[in-house]
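Here the chain labels run A, B, C, D, E, F, G and H in written order, and each chain numbers its own residues starting at 1.
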């Protein structure tokens, strides 16, 4: 393809259609276009499958509005994370075609988007306090076009709750398991199913939890193989991986 | 099935064959049998797709021999990791049908196994010292039946080396990126491709590396989404995830 | 009871009141109900011996009200921890039959509960700042039905204070020792008595205390055997263990 | 007895056998002897219920022999922990009446001891590599006179293995749960049973396990109440607590 | 004294005034009385040489007022640390005979106290931000009755500033060296003088300073012998040690 | 100079103008004056090449005004860092001849200063959130008199962005690379160019980033030689080093 | 240049000298050659100014011999670090033209190399145990062609030793300051001179030194600006930076 | 003295014996000699009161012999720490006038030294494994000329052992308290006595002890004021401080 493009350029040059200077101009960008085209390609890919992500913490309401405005002007999709409700609703009201989902603390484009289709991605949360991170993961899957199965509050303090969902878990393509406190859930799930388990430690806990260190280490040291870990509270990263795996099928 | 079993019990009870007490006794165990059957299923799945893994550190040569002998007697496949050469060769010589691969420090069954077929899994190592961990990952893929593309020594100290493999990377289904020192490789790769990147920090480094802490944190904090992390030096875990993802396709 | 429920079902089926299908429908849930009944059982146990616990941090006043309202509607007992005074009193006023204990930062059902009986559980606090955690432990014991001996401010800075309570300590069934700062108290107590010592490090301290790390490590490394440790500030967990031990007697 | 000793002194004094000075000399030590007698009392208690413990690491074979010889001369019971096999057998051969148990790496008196009686203490190990620590806990229970139920290799990688022992676990008085790697086992067990769970993290693991930090934190942050934690690899401490709890019944 | 008391008891017993049982009863308490008398002694010592210290963080203005009121009622001296200015002035106005020193964030009794006399204790601060901690140390010395030499802002960024005070430093009885950031000052001073250097790391810094960890470690690892370290920001503890050393002379 | 001063003293002594005692008196101070003159020299150097730096955190608006007023009175240059906008503008309005640069959160003298000249220092920021730290570095270079090339948002998530600036990077005299999250940028840049790379980790990140620990370790462990690291968020320190290197040329 | 190369190619193609295929072949490599030429350029630069570095830890004598043999065959320069004496001398004897310097634990090419010329780089070691790291730095400078001033054992325990070298330090272009224990030296030096100070923490120390953590943090938190830090024990990295700075002059 | 030296120089100059240049030459060194004389003074002080200390770890037997030989040649006193027995005895045999004390792992001069006199310094060890560190402290006191009271094995596991030494502790001038495991001893002692307590954490322990971190933190966070801490295992540093305090009396 690139090859063909170069051959085409050379032909045009030989035929005198393109001056040496013009060919050179094209070629000059080649290394960058090769990489640069990755950029465009990447962007296009993202635009088709995944919008640009805006992390909101540390940005003012005005900065958020400016970035979103610019994104929409460039016909981009908006996907803004970790937005408090007040700001989310303010921005939603200001920009038509956006929706704010409180559970996921996220603002995103709905205009022109198809409804995500049911998928075999499963998103689990160990406790109710872990739900915002789990919702961020679930919404990220939806941005890929896949609606995941959401199963909340199935931590090991009452393990029977998890077992009642075994059938759904066993036919999953990917499981996102979100857990704070002891972070035990992903290891348990991975021991029961075949699909890859993407483990998300959360900062939910206190004392020797050290803002997520405890579940992070528990997950990295899982005895069951098949567990991959992302950063503490990184629901987006986990949903992104689940989306990638699902898309490959 | 379970359904049928319950109906059968009820019938026997109605016919007076089973007393209420006896039915109750059977029913009491049901949840456990339900779980107990999970065991068989799980094992069968594992036996079909993946052998049992034996971690060798802390086991004597004699203990290893006993476990391997027992596994072979049960017609199981052997897959033993982190074996020093001397012990590996001793065991290989003792048990026919096993092979010891020095690069991966692994001993495994070859008898009756089909040659792994070329796959689009790519395994990268940042440095030459990371190769044993990378080989463990690659061999684990082979145990799944997938021969990965191995690309060694493409760390960011000379980033052009990596770029010359961009085409292979861009068509990968999953990339295992193994890196010690600064652990920079997976983040860089994830920024260039679409497939999930499974990042393996290694204990290769010194000083403030703290036996893998530095690359582990770098990988968990990757700015590029699409990076999943496993434990330090856990080549097996990374290869296992790559195998799972490949198998789903 | 569950047993009785099954017997009742079987009887109804034998009498023709319930069809096999209907019984099966009921029983279909049994595995889950069995586990689920474990849940109910658990709940019953909890209700008899211990109510459901609601951790308040991160929940709004409204969310708390909703959860408590629901619990009361289900005839459950309320036991809510780590509630600031204002919220505690607001909720107490809203829901009759609840009491707010400021020292323990806890809200709990009193309606229909018997007064806890004097027990040989002893709860110690090393300093006055450790009292809220110690009170959480003591109240948890009371929720089990056991009123513990409370001994406050007996840290090792003035060790004679502790020694004057030696008699009480020596006949204890379990001692909860709550300490921040250096966390020295549990090791000292365990060297003096026979009962198990449940050690609770607190986040009371500054500098190299690192929010409870210092006393946590001191307690885990106690030279005196007989010391069991719970998470930093986890008065509830310690009281729960003391209650379990007392109940077994 | 001490009481009797004092009465005896007073009698001798009244009979003029001991001068006031001599009695005083004896009594001078009383405060200390009273505390000191606590020592003796403690020792007696220990001797009846529990021998003195000798931690072997860092001691030479000769030092061990000297300590053991002295203990036996004082009619004490020997309980020496963390002894490598060679040293253990050397000492066992040298001192009649001792036994070396390889699994627990422990040397202990058997002469004149009654066989421990079956108890409702349960000792669990998550993996086979955790067995030495679990055996240390189990043997410590035996030194108290209680033979625990040993259940090995029931980690969550294959959780059905654990569930098949649910009945035994549910009637336990205390459960010692020993686990390295992710340290998930105690939290899972505590969610299923009523008895106190004494959690022992082990140093079995690698990488971000940091010699037991990962399971230690997982255990301290258990979502299920009823989990008490001891130091990494401290099987003795856990067995000691289980023994104390059992003894109180 | 205790000796005499015992002799007296024995005499009474011989004379038949006290029964053996009664003497025994008295003697039983001896150890506790012995320790109990330590309490009084200890308190007297403190009252003579040093007042009780009240740490203010976490206490409300009302709680502070209550404690101070009680202390004054018991004719005690007040020494309250880490009080913000507003609260400090409020309390000073409420209780006559107290003074609030803003630089040290401390409130203390002045009524009936002699002016501290000039001493050879030297208190150094490395930076201006370290002065509050240094002032806490200096004021603590004054509470002992010793006015220290205060030398502020002599950190190693401009080491010549320190050298101009060498003469004063070299005749010191004890030097309190307070430093945040790199914590270099105490090691440098200890290399220049003979007196003990009490090093106080402060939480002044940012980034990899980790709230005082950096200077704490630098001080603990001083190449110059003669450096003793107290907790981060613990000006009181350092001043207390300097006061103890001065008092012994 | 000092030499001349000594010769002058000796001459005066020989001529009998100064007594031996007086010469000795002068000489006694010599060590201190020698160091003391270093002070003046040092200050002059700083005044010529670099103003005194005022770290603003923890200082009130009034304290800042006092320090700045004093500095200006002494004809000093003002360079105040980490000032929030409101305070910065307040101070700028109060003191003529100062400028507040919001991007760098800095207030500095412009009166009588020459415009910085274009230099071959390059300042890179990996993300947009890293810009304040990068601007602090860039402004510090300007205070040296060198205007650096600013290149923002060239993190490795889209590595092609960086490559388009390769030419500028390759002719740099020093590169300041500012990065939060994974901290990957400096290692990548150092592998591509010859100039020293001064790496600045930032506290931009979340979870296992631990306020800059992750990028700090990544940078310290860079596989590419030529990377020097400063404290987390220390843009000033990095700009200072770049200025020193540039000035030497 | 590249531009000219492309024009030349196009001309040759137009003149029919190069077929489209051949031009394409050349151009195909362009992106890589652009980066690839960096490689060659880089390598050439390295060969001229700096040889390839071989880290020896973890490599066998045979592996070292193979790498060195290959390097020499490719006419490369050898620079191998952290080689124990025995191996170093073995390799030196095997390969003519190499020298082993015991103090620096390094093996390097001398054949065809000019003697390094005296430079104004200064390498300091705080203690005698830090000398191997300091020598590694010094030798690295020599590999650049610059002989540094070596000043050993000038730690702050006896600060006068350092001051006697002030003149040399003040005219330095770059100072490498190597220090273990408290890591105080670089901050002190940076306060006295103008040149950049490259700080190397070493693992020399014990206890709370944590293998270099203490001096690493002290150096990162230096109050004196002008300090850049490299990894613990990374003498090579520091020497490399000093060489880069010196080369630019 | 220095004074006299300067007067002598000036006289010689006035008499024309020394040229101005020559005097200047002498004086040129004065600042350094002034500091340098501090060195000599320091050394003399050390020689009188304290010898130079040689840390042995990492030094070969030959290096030790060379350093000791040189020290003796310069009429210095030898004080070498942390020497294994074999090396210690080898050196003792080689150099007459030295003694090796196995308990303290130290080699030191005895020739010409007076026997240390009984002092009121008390050195405590919590456990028997802490004795080598405690002996290092005790021997350091002896090198100052003060024989301390040694009290071994008085840890809090049996606190009555400590109380029997209360009288000795209460009249101490300084107490060195050495403790591994939980590090509880110094806090307990400081609560009972008036003298400064110098706390030495040791690396004796396992698991979450992290080579001395646990007792280090416990000691830094002591609730009892009057505790100063030195580095883990730094018996020498503690003994040095005790010696300094004693010497001042």
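By our rule, contacts are C-beta pairs under 8 Å (C-beta built on N, C-alpha and C of every residue); 3 or more make two chains touch, one makes a residue touch a chain.
None of these values were measured; they are calculated from a predicted model.
A.B. asks: Starting from the defined contact criterion, work out which chains touch chain F and chain H both, please.
C.D. replies: E, G
A.B. asks: What is the set of chains touching both chain B and chain C?
C.D. replies: A, D
A.B. asks: Give, as an integer number of Å, the spacing between the C-alpha centres of chain G and chain A.
C.D. replies: 41
A.B. asks: Counting only residues that touch at least two other chains, what does the list for chain A look like?
C.D. replies: In chain A, the residues touching two or more other chains are 31, 35, 38, 158-159, 163, 192, 207-209, 213, 216, 220-221, 231-232.
A.B. asks: Touching pairs of chains, all of them, please.
C.D. replies: Those chain pairs which touch are A-B, A-C, A-D, A-F, A-G, B-C, B-D, B-F, B-G, C-D, C-E, C-H, D-E, D-H, E-F, E-G, E-H, F-G, F-H, G-H.
A.B. asks: For the complex, which residues does chain B have touching chain D?
C.D. replies: Residues 32, 35-36, 38-39, 42, 57-58, 201, 203, 211-213, 216, 231-234.
A.B. asks: Residues of chain B touching chain G in their complex?
C.D. replies: For this pair, the touching residues of chain B are 129, 158-161, 163-164, 204, 206-209.
A.B. asks: Using the touch rule from the top, collect the residues of chain F that touch chain B in their complex.
C.D. replies: For this pair, the touching residues of chain F are 126-127, 155-159, 181-184, 187-188, 190-192, 205, 207-210, 213-215, 217-224.
A.B. asks: Touching residues of chain H toward chain F in the complex: what are they?
C.D. replies: Touching chain F from chain H are residues 3, 6-7, 10-11, 13-14, 20, 23-24, 27-28, 30-32, 34-35.
A.B. asks: Would you mind writing out the residues of chain B in touch with chain A in their complex?
C.D. replies: 35, 38, 42, 45, 49, 53, 173, 192, 194-196, 198, 216, 220-221, 225-231, 236-237, 240-241, 244-245, 248-249
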